[in-house]
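Working notes, structure below.
Every chain is named by a letter (A, B, C and D) in the order it is written, and numbering of its residues begins at 1.
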Amino acid sequence: MTKEMNLEERFQAYVDGENKVEPKDWMPEKYRKTLIRQISQHAHSEVVGMLPEANWITRAPSLRRKVALLAKVQDEAGHGLYLYSAAETLGADRMDMVDDLLTGKAKYSSIFNYPTPTWADIGAIGWLVDGAAIANQVMLCRTSYGPYSRAMVRICKEESFHQRQGYEILMTLAQGTPEQKQMAQDALNRWWWPSLMMFGPTDDNSPNSAQSMKWKIKRKSNDELRQEFIDKTIPQAEYLGLTVPDPDLKWNEERGHYDFGTIDWAEFYQVIKGNGKCNKQRLRARQEAHAKGEWVREAANAYAEKQAARKAKEGSAA
Amino acid sequence: MKAQLLEYTLRLGDNALILGQRLGEWCGHGPILEQDIALSNIALDQLGQARMLMQYAAEQKGGDYTEDKMAFLRPETEYHNCLLVELENGDWGKTIVRQFLFDTYNYFFYSALLNSTDNRLKEIAHKAIKEITYHAQWSAEWVIRLGDGTEESHQRAQTALNDLWEWTGELFSMDAIDEALLAEGIAVNLTDIKVQWDQKVNEILSLATLERPEDGWMQSGGKQGEHSEYLGYVLAVMQHLPRMYPEATW
Amino acid sequence: MKAQLLEYTLRLGDNALILGQRLGEWCGHGPILEQDIALSNIALDQLGQARMLMQYAAEQKGGDYTEDKMAFLRPETEYHNCLLVELENGDWGKTIVRQFLFDTYNYFFYSALLNSTDNRLKEIAHKAIKEITYHAQWSAEWVIRLGDGTEESHQRAQTALNDLWEWTGELFSMDAIDEALLAEGIAVNLTDIKVQWDQKVNEILSLATLERPEDGWMQSGGKQGEHSEYLGYVLAVMQHLPRMYPEATW
Amino acid sequence: MTKEMNLEERFQAYVDGENKVEPKDWMPEKYRKTLIRQISQHAHSEVVGMLPEANWITRAPSLRRKVALLAKVQDEAGHGLYLYSAAETLGADRMDMVDDLLTGKAKYSSIFNYPTPTWADIGAIGWLVDGAAIANQVMLCRTSYGPYSRAMVRICKEESFHQRQGYEILMTLAQGTPEQKQMAQDALNRWWWPSLMMFGPTDDNSPNSAQSMKWKIKRKSNDELRQEFIDKTIPQAEYLGLTVPDPDLKWNEERGHYDFGTIDWAEFYQVIKGNGKCNKQRLRARQEAHAKGEWVREAANAYAEKQAARKAKEGSAA
């Protein structure tokens, strides 16, 4: 017990000294579990997050946009892979993690349970959803766990590129025909509040945050990140000539920040609880992909085993 | 000659476009995340080639034609892709076998197109051949993996092969446009490609323990704009937004 | 008022149009030839009602608007059908349960619309009510048959019911347009309809030995033009030809 | 043996006297078999024939056309039902007949193995395919087997209506924009020859026809029907302003008929043999509909049995 305490104290001191924790280092079990949960949720979010955007690959309105969108969704699959790998360095098994997603045991970012009915949603997701994700991820580039931090550095670079693409889509629409501009405004109306909810509950309703902050897994509170995001995003909305759907929004000279209206947390919790428009659709899409892929994965394994056996036989024959 | 070169360009461009479109349907729904990425890569390459070819076609048309106008605003009868690429994706086995049959053709085709007397096509072939070489390797490896995997995967691959076979003949049938442009040194001699294709396909099928179907009656018409019932739905989805706002830029 | 009546007309018209379109997908693919015919009949009635309502909407718009321009040339955000009717057909069980939930609502709705102070809507209701009465009977009978059929059919019907339940709340939610037109005696009081619907649905589910899901969170937005991801594909297919040749007559 | 001979002679005399054969009448076994084969093929053709047209229900370009098309395809399902019933009066079982279709044992009209890539195909099918079918069916209204003859009378009325609708679709296209006219011409080009092949091989290649003619199942030869169809259709094509794709076509004053070019029977036999563009697609669509309907049919049967048992119980209790 004392030894454990000492280890924990040393671990805290190590983290406080801004050192990175690596897979083989000793770490508190709760640190490990928190990270596995967080990283795997993050991985699941990348994978499920492919779906709302993939919905527009076949309908993208120009070849250039089609290529960019497909590449972006593909990048998200790649991010999922980095993150599953990062979680595996903590002893988690990818198959178990995927099972947890498919059985509904594990969560993913509830933002992906909103539908993408129009092309402008692709712009709004890039600008707002990726923007909110980046605010979080930039912070996570400095997270205390080494592999997670390094995965985030890679991911952040690509995400910034995606965000610029999204903003550019909206810019084109905002400068386009009246119908296009309306499409952009509608998308902003639908995505604004859900994007703010991406940062999670307010700090006074976020009981686990303190420990994560202490371990330097997180380095900023939900409310801090949300305020940063708003402050950065409002001028961008103004530049687009679009109206943020919040009548209470205004610059507070004294605080040096934007004040904003009250978030409808009831909706947030409904979506988290599985009642978003697309919760069932998203989970089923993943379940079906997995089920329909079963025979393919079996074939790949069987072939690999056959090949290994053939090689072994050749080796022993030689 | 001018009209023939345009149609020839569109045949190549539409093959790339429609196959890219079909493969794009898989994105987010692949059997393994790594293979979802791999198939998206091929789709991306196909769409990249489609862009080069549509740009070339647009330049040949002149006026205010653009790559997007070429890609999105033609009626079905003016799409010149082969029927094989417009067929439904089916399961992963069918998608892979279709890809293998097409990639192998495409590899020998673009290898020959490197010697085209049309500088632009030659240039496009130079840019595309490395990608296509990789595609052909990848899909051949997967055909072997499925054919020589489990009993189920073998059966699925063989069924796909049997179903798809009748759609491969069109790849090699020379029509007046092929002949005229071949005489100019612009087009590829499909009869030569067939010999190479046969050899490679036989080799891979043998490694995959799959049986080559008999060369029976072959379907045709896609190159000339006579399509199956599948293409209409592909186009309805692909064209919806550009048709809705034909004057908009995106 | 004028704009509100138009949107109200479109809500009714789009329900009929999109459901007719969805049911039309079944034609030629039903589980029994007799039921293929029965479902096509309902689709035909829905499309017939859609025509009357689109004609009325076109007259309200005035100018050169026609039923087809109303039906085919709006963007997605201007379709006002409830989300329930745009969902994928799924298996026969899901199609039947969706039909039952909607038909039962539609029956009480059009029964009430017979008393509308808007003469045209009243007239349309008079023409439609007999058909709708038959639909509601037919789909209720099928729900009972599936629920009280085999173990598999019971399971499928229950799953469909559970999946569809969250999409039923929207049918009864009154918004500003409903309220304003109700005050004029034009619109139907959806709160009244809900009581009738609950009673009928409970009765049929009990005969079908199916369990009524709990009334939890309900989806909404369709009436106001905020749709699921399904509608876009329905419209891409439905609108393709009219969008392609917007000036043509057919 | 002699008695059988007498029966056959009396049967022939009865038929020669233009009397209708009814289900309970004695008939030669080969007459019965020929009819079952022919009627069930005809029924299958109605059912499979739904598919190429159903392909355009969701894409019909106006509400009026959508309703008309759906009603038409529905009528075909109805025709299928009449015909299965007519075959059942001869002792055939509907389930067996359907099985024969699904296993590929039974044939259906090979015209339905051609695709319908454009809207104009819906017009062409109505005008040409239904037109050719009607030529055959009008003759079959006078066929010697009573139930078949009566089914044909009902079917013919509806088919004539369908044919007019099809012709009207093409008329609208032919009088429409240049693109619409081209669409109509393309459809005529694709459907003309297959329609002529619908009448079957030339008389010298149609060995079974003689017996069918003798029994008055058929009353005109393939070539006679084909010529009738051509003579009736050419003026209609001219009225549309479309060109029939046959350079050899011309009026023969002496014969009082149109002469026409040589039919490519090689193609006909390929399509019959299963090599049409849509053979596999059509058969699979029917197989899938049947397989996916299995549980529904079982449920309907199970429920009917339960209801019957409940009624029986009530009855015995009363």
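One rule holds in what follows: a residue touches a chain if its C-beta (ideal position, glycine included) is under 8 Å from a C-beta of that chain, and two chains touch if they have at least 3 such contacts.
In this text the structure is predicted, and so the values were computed from the model without any measurement.
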item: Chain whose Cα centroid lies at the greatest distance from that of chain C; value: B
item: For chain B paired with chain D, centre-to-centre distance based on mean C-alpha positions, whole Å; value: 37
item: Centroid spacing, where centroids are CA-atom means, of chain B and chain C in whole angstrom; value: 41
item: Contacts with two or more other chains, residues of chain C listed in rising order; value: 75, 232, 236-237, 240
item: Set of chain D residues in contact with two or more other chains; value: 59, 179
item: Graph class of chain-chain contacts, one of line, ring, star, complete, other; value: other
item: Pairwise chain contacts under the document criterion; value: A-B, A-C, B-C, B-D, C-D
item: Touching residues on chain D, where the partner in the complex is chain B; value: 52, 55, 59, 115-118, 179, 183, 186, 190, 270, 273, 275, 277-278, 280-281
item: Contact footprint of chain D on chain C as seen in their complex; value: 17, 21, 24-25, 27-37, 40-41, 43-44, 47-48, 50-51, 54, 67-68, 71-72, 91-93, 144-146, 148-150, 152-153, 156, 237-238, 240-242, 245, 247-250
item: Complex interface listing, chain C residues touching chain B; value: 75, 232-233, 235-237, 239-240, 243-244
item: Residues of chain A defined as touching chain B within the complex; value: 47, 50-51, 54, 57-67, 70-71, 73-74, 77-78, 80-81, 119, 169, 172-173, 176-177, 179-180, 285, 288-290, 292-300, 302-303, 306
item: Touch list for chain C against partner chain A, complex; value: 75-77, 83, 163, 166, 216-217, 219, 221, 226-229, 231-232, 236
